[in-house]
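Below, chain A partners chain B and then partners chain C, in two separate complexes.
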Partner chain A sequence: MSAVAPAQAGSHGFFAMLAPGGRRALFILAAIAVCLLFAFPIFWLVLTSLRPGSGVYYVHRGTEFTIENFHEVLSQPVVLKALWNSFAISTLATIMSLGVTVTSGYMLSRFKGPIPNTWFSLIYVFRCVPYVSWVLPLYFVTLKLGIFDTYWGLLLPHVAVHICFFSWIMKGFFDGIDPSMEYAAMIDGCSRWGAFVRVALPSAIPGLTALAILCWLYTWNEFLFALILTSHETPILTVVMAQFVHELGMEWHLMSATAVLALGPALIVTLFGQKYVIRGLKV
Partner chain B sequence: MAPRGFLRLSEKSWFMLALIAPALLTLVLFQVIPIVVGANTSFRDWSLHDPKRTWVGLGNYAYVLGDSEFLRIVLPNTFGFMFATVLCSLVLGLLIALMLNKEFAGRRLIQSIILLPLMVAPVIAAIMIRWMFNDQFGIVNAILDVFGVAPIAWLTQRWTAFLVILLTDVWLWTPWFALILLAGLQSLPPEPFEAAQIDAASPWRTFRYITLPMLRPVIVVCVVIRSIDAFRTFDIVWTISGGGPARATEVFSIYAYVESFQFLNLGRGSAAAVIGAIIIVIFAMVLYRILNRFVEVSR
Partner chain C sequence: MAEVVLTDIQKSYGTVVAVKDFSLEIKDHEFVVLVGPSGCGKSTTLRMIAGLEDITGGTIAIGDRVVNHLQPKDRDIAMVFQNYALYQHMSVRDNLAFGLRNRRVPETEIEAAIAHAARILSIEPLLARRPRQLSGGQQQRVALGRCIVRNPKVFLFDEPLSNLDAQLRAQMRLELKELRLRVPTTSIFVTHDQVEAMTLGDRIVVMKDGLVQQVGTPLELFRKPANRFVASFIGSPAMNFIDLRVAVDGDRIELTREGVALALPARRFPDLGRLAGGKAWVGIRPQHLKLGRPSGNDQIGLKGTLMVTEQLGHEQIVVVRVGRQDIRVAGIDPDLSLATGSEIEACAAIDNLHVFDAQADGASIGVGAPLAEGSIRTELPDRLPP
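Moving on to the complex of A and B:
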């Protein structure tokens, strides 16, 4: 579609006046600006994390670099524990969320009538409820259930967070799969459940992979639930990081190092699953 | 249609219920029950250091709705933030999507780069931006210094602090808009564009009268999803300004959190949370109606 050349800004007169070369230069400039805009903050964070504590305040001047910050951060047991906890909870939450929502999305996609309609409106309404409105009392609920500050106490609420949105997206995946194969399987004596597990589920695997990556990232990056539902027993990386800001009087070099550590796994997951991530975003 | 009566449901209805049972159970336990508990708390005098739990009726609601902090600062902040962030990231995202829709060398690279913000935790993004906008040592002031601008104390004034928060959110979410809109652009049929080219329509007119109307359903879905999420923003505001200076950048989520866990008045915090939930659910329902109408018209 390169011949169509959609307008970049609203001014076609301006574009028409430019020679083809000028237009090209402007385009390249815009491309560079976009790259800079989105990559620079991350680049700056990495750079800060590599500066020694003494040089951190003038990141743009000095030339000393060190990996001492990473040593120092990783020697704190709480950071190590938080890294492991975040990893374990993200992975478990991904498996459980997908397991719970895949059937729900399939149901929304394949059936019509009062039950799917009710379920869909329920999901839509609960998706809109702000997190604060239920995470505050959730604190009491997990206390009462005796799972506050444990894996379960964070894991199950995370699954609940994902149910509404993921059911919605899963419905979209199944909508894109032709149901006639399932009908054929059922005519051949397959049960409803068999048609779902043996026919529909395998065709949905690319979609599931995409959603798994997104789910892992969401959980890994989540802050509010971790802040309220965990304490000293189950430190979570995002919370530990935010505490650096408020308690240690801004040790920017250590904080950047922690942030880079948190970024690493997310970066690896995204780069390897780029194709799937983009696919999963197509609501 | 399932027959009436619970036990006389058809085999098909039982299958439907079985499919949603795990999701429904989790939803009830960890979302519906907490919401009910929260609503109950909001009617009681429930401070965390002295939980009397006496019934005060609508007292907490009256307090929150009469609090000038909530009315004059929190609500305008929340809606202003929602509107500004959605508008900015939509426009920027659309421009980037149009750019990536052309074939050129380095297109893949740009696409990978704009994926970066999607994997950055909002907390990390907030820390990053906060460091860049640090009044003494931040790179932004250092760059401004080159142009002879005096250092700006970004986080000590309401509007500059608000701007920094807005910038962070736009940075985080523009790529999301860009990638979804790009997918939308790529799935448009080529015929209208070919026709426009034969008629020698200008790029702007092609965009205005063909691309934009055809893309409208995707845009509307994005805007609805993003508006609802922007309403409940917590992490970036909390990490960048903590609601400060002096509560001037508090949004609704921060207000509920601060009332509950810093002023230790859980009753008031819950009442604020319920008020916010009611506002956004009504808002979302109206949006949903609009969404449905748009999608139907465009088909």
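Moving on to the complex of A and C:
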């Protein structure tokens, strides 16, 4: 403690010495530095996707740019199919997960007794199990159920993971909503379920939107489940992207072009929802 | 228009008893206040009447219906919550209309009810706003409006003024008094603030540890508290209590303790004699004590050292150490100069003394002056024109 205190006092003194304008300039510089740090890999990715196959190792020196890589990946039916599959599975998983997570989070937040306690413990136990260790058992389960390499084979594990992770967050959102609003609704003529649907749920919309976006992005970016639980019938974008690394070499230009394609929808979803995510996570 | 009859209401959470044997008959249009410290079971009782908590035993009747197993929506009640509980995603107008729309009341009637409530509460300019755009006082008015539009049999108030600052609370208290004259409805009001209880209630129910301590009009509770707890809870500043040993000497009862000696005529406290050899608490309200020597047989005197003075502008309150016990004396001339540490004497009329049994959980043994018949208002107020 004693070692920390003088250091804090010193840094405080340094900032105090700066003029207000200087402080702002320093802050802006720091913000730009952080932005560059995060933006640079994306910038490099886009640059690589626009270079011919021979020039990917000289991205910074080359002058030759092409959109041929995009033509090439988009002419491969597997990429188009994977784009659609990833989009459909992300969207369906989000809808299904939210359907369960909202009611599950609400129950954990508002009710006490053996059922919520058991449910809470169950989720807790599943959360404690490392995510990776689920994959192999799930592979055998999907094989046994005959849903390997199908939408259901990937959807159900995703939904299960989301329920475990997001029920907690949803509980937090509902904890932040005053339950007396629901009591007032019950006195005003609603049933318990009616009070949930008409009062609690609309109040949780910022949180719900944030969760929907996180859920969608999580599924869209997910690789491990997709790699193990799908094959040729249901190609997924993250797996298809990785397949540009093969025994004959690494097609960085094609991989980058596919990655840029994958970036598009995620970027749209993030831009659309960022204010909800920030508001939701502040609840 | 309804009576509320509570008979032997019980509420337990496992082995913890929150409310025990609560019985009360509330008359039509009566305003009853449940008051007590935190955790005394007053809010639980209100929530049981509302149907938000199941009851463990007893019956609740509203009007001529037993409502024990009815949903809150079917009990024909309205409730104001401590934190207003307005629907944040709706406008004020929709908040007011919500209950009526649920009951499929025609829109024209809803509009008329909203206009009526908004006029009574002066919230017409706020109808298009969202709750979070309103101040605390405005939100509480909207919450009241939500009750009024429904025209229910019973209003329930769960500490509705607790979240307001002191000035606004005093103003809302007056508005509530006026409102109940305009919209006379059977009301049950929960608070931990004895001033709210005294000023608003036709009758007050004092609770502690899930048990009813006393039910009575504000004056009854003030003048004739049933036990030491009620005596200490009602009245501000709180009543002084002096812990004394009891001895009987003919027709005099002597109460003594280090530095304190009081002699009371036995005929004024006929039940006190049975505590001979035991202990009693003598209670004196700070307002009933005066500085100076006792001026006759009907007064008692207490000598002590002046410890602290509190200047309030319109009066001074002083703390006097009598023996080992501190007592407060209120209503002292604010211009009177008093030196702390000086010896001082205070006196009080025997009429104003309360005596409590120290062995029987502070049960009242007697009051110097019994209540005169008809001294307490029990009739309900007249209705004001709307």
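As a convention for this text, the second predicted complex is superposed on the first by the 242 of 283 C-alpha atoms of A that agree within 3 Å, B and C clash if a C-alpha of one lies under 4 Å from a C-alpha of the other, contacts with A are read in each partner's own complex, and residues count from 1 in each chain.
Everything below uses one rule, namely that a contact is a pair of C-beta atoms (placed from the backbone, for glycine too) under 8 Å apart; a residue touches a chain by one contact, two chains touch by 3 or more.
Because the structure is predicted, anything quoted here is derived from the model rather than measured.
J.: Is A:29 touching the first partner chain B, the second partner chain C, both, or neither of them?
T.: A:29 sits against neither chain B nor chain C.
J.: In this superposition, which partner touches a larger number of chain A residues, chain B or chain C?
T.: Touching more residues of chain A than the other partner does is B.
J.: Considering only the touch criterion stated at the top, classify A:99 as touching first (chain B), second (chain C), both, or neither.
T.: In the superposed model, A:99 contacts chain B only, not chain C.
J.: Let me test your reading of the model: by the given contact rule, A:78 touches which partner, first (chain B), second (chain C), both or neither?
T.: neither
J.: I'd like to know which partner A:185 touches here: chain B for first, chain C for second, both or neither.
T.: In the superposed model, A:185 contacts chain C only, not chain B.
J.: Which holds for A:39: it touches chain B only (first), chain C only (second), both, or neither?
T.: Only chain B; A:39 stays clear of chain C.
J.: Which holds for A:199: it touches chain B only (first), chain C only (second), both, or neither?
T.: second
J.: Which part of chain C faces chain A closely enough to touch in the complex?
T.: So the residues of chain C touching chain A come out as 50-52, 71-73, 75, 77-79, 81-83, 85-89, 98-99, 102-103, 146, 150.
J.: Within their complex, state which residues of chain A touch chain C.
T.: Contacts found on chain A: 178, 180-181, 183-191, 199, 202-203, 205.
J.: Could you pull out which chain B residues touch chain A in their complex?
T.: The touching residues are 1-2, 12-13, 15-20, 22-24, 26-27, 29-35, 37-38, 41, 95-96, 98-99, 101-104, 106, 109-125, 127-132, 134, 136-137, 139, 142, 171, 174-176, 179-180, 183, 190, 193, 196-197, 202-207, 211, 221-222, 225, 228, 231-232, 234-235, 238-239, 242, 252-253, 256-257, 260-261, 266, 269-270, 273-274, 276-277, 280-281, 283-285, 288.
J.: Please give the residue numbers of chain A that touch chain B in the complex, ascending.
T.: Touch list, chain A to chain B: 1-12, 15-16, 27, 30-31, 34-35, 37-39, 41-42, 44-45, 48, 56-60, 99-101, 103-104, 106-107, 111, 113-116, 119, 122, 124-138, 140-141, 156-157, 159-160, 163-164, 167, 192-193, 196, 217, 220-224, 228, 238, 241-242, 245-246, 252, 255-256, 259, 262-263, 266-267, 269-271, 274, 277-278, 281-283.
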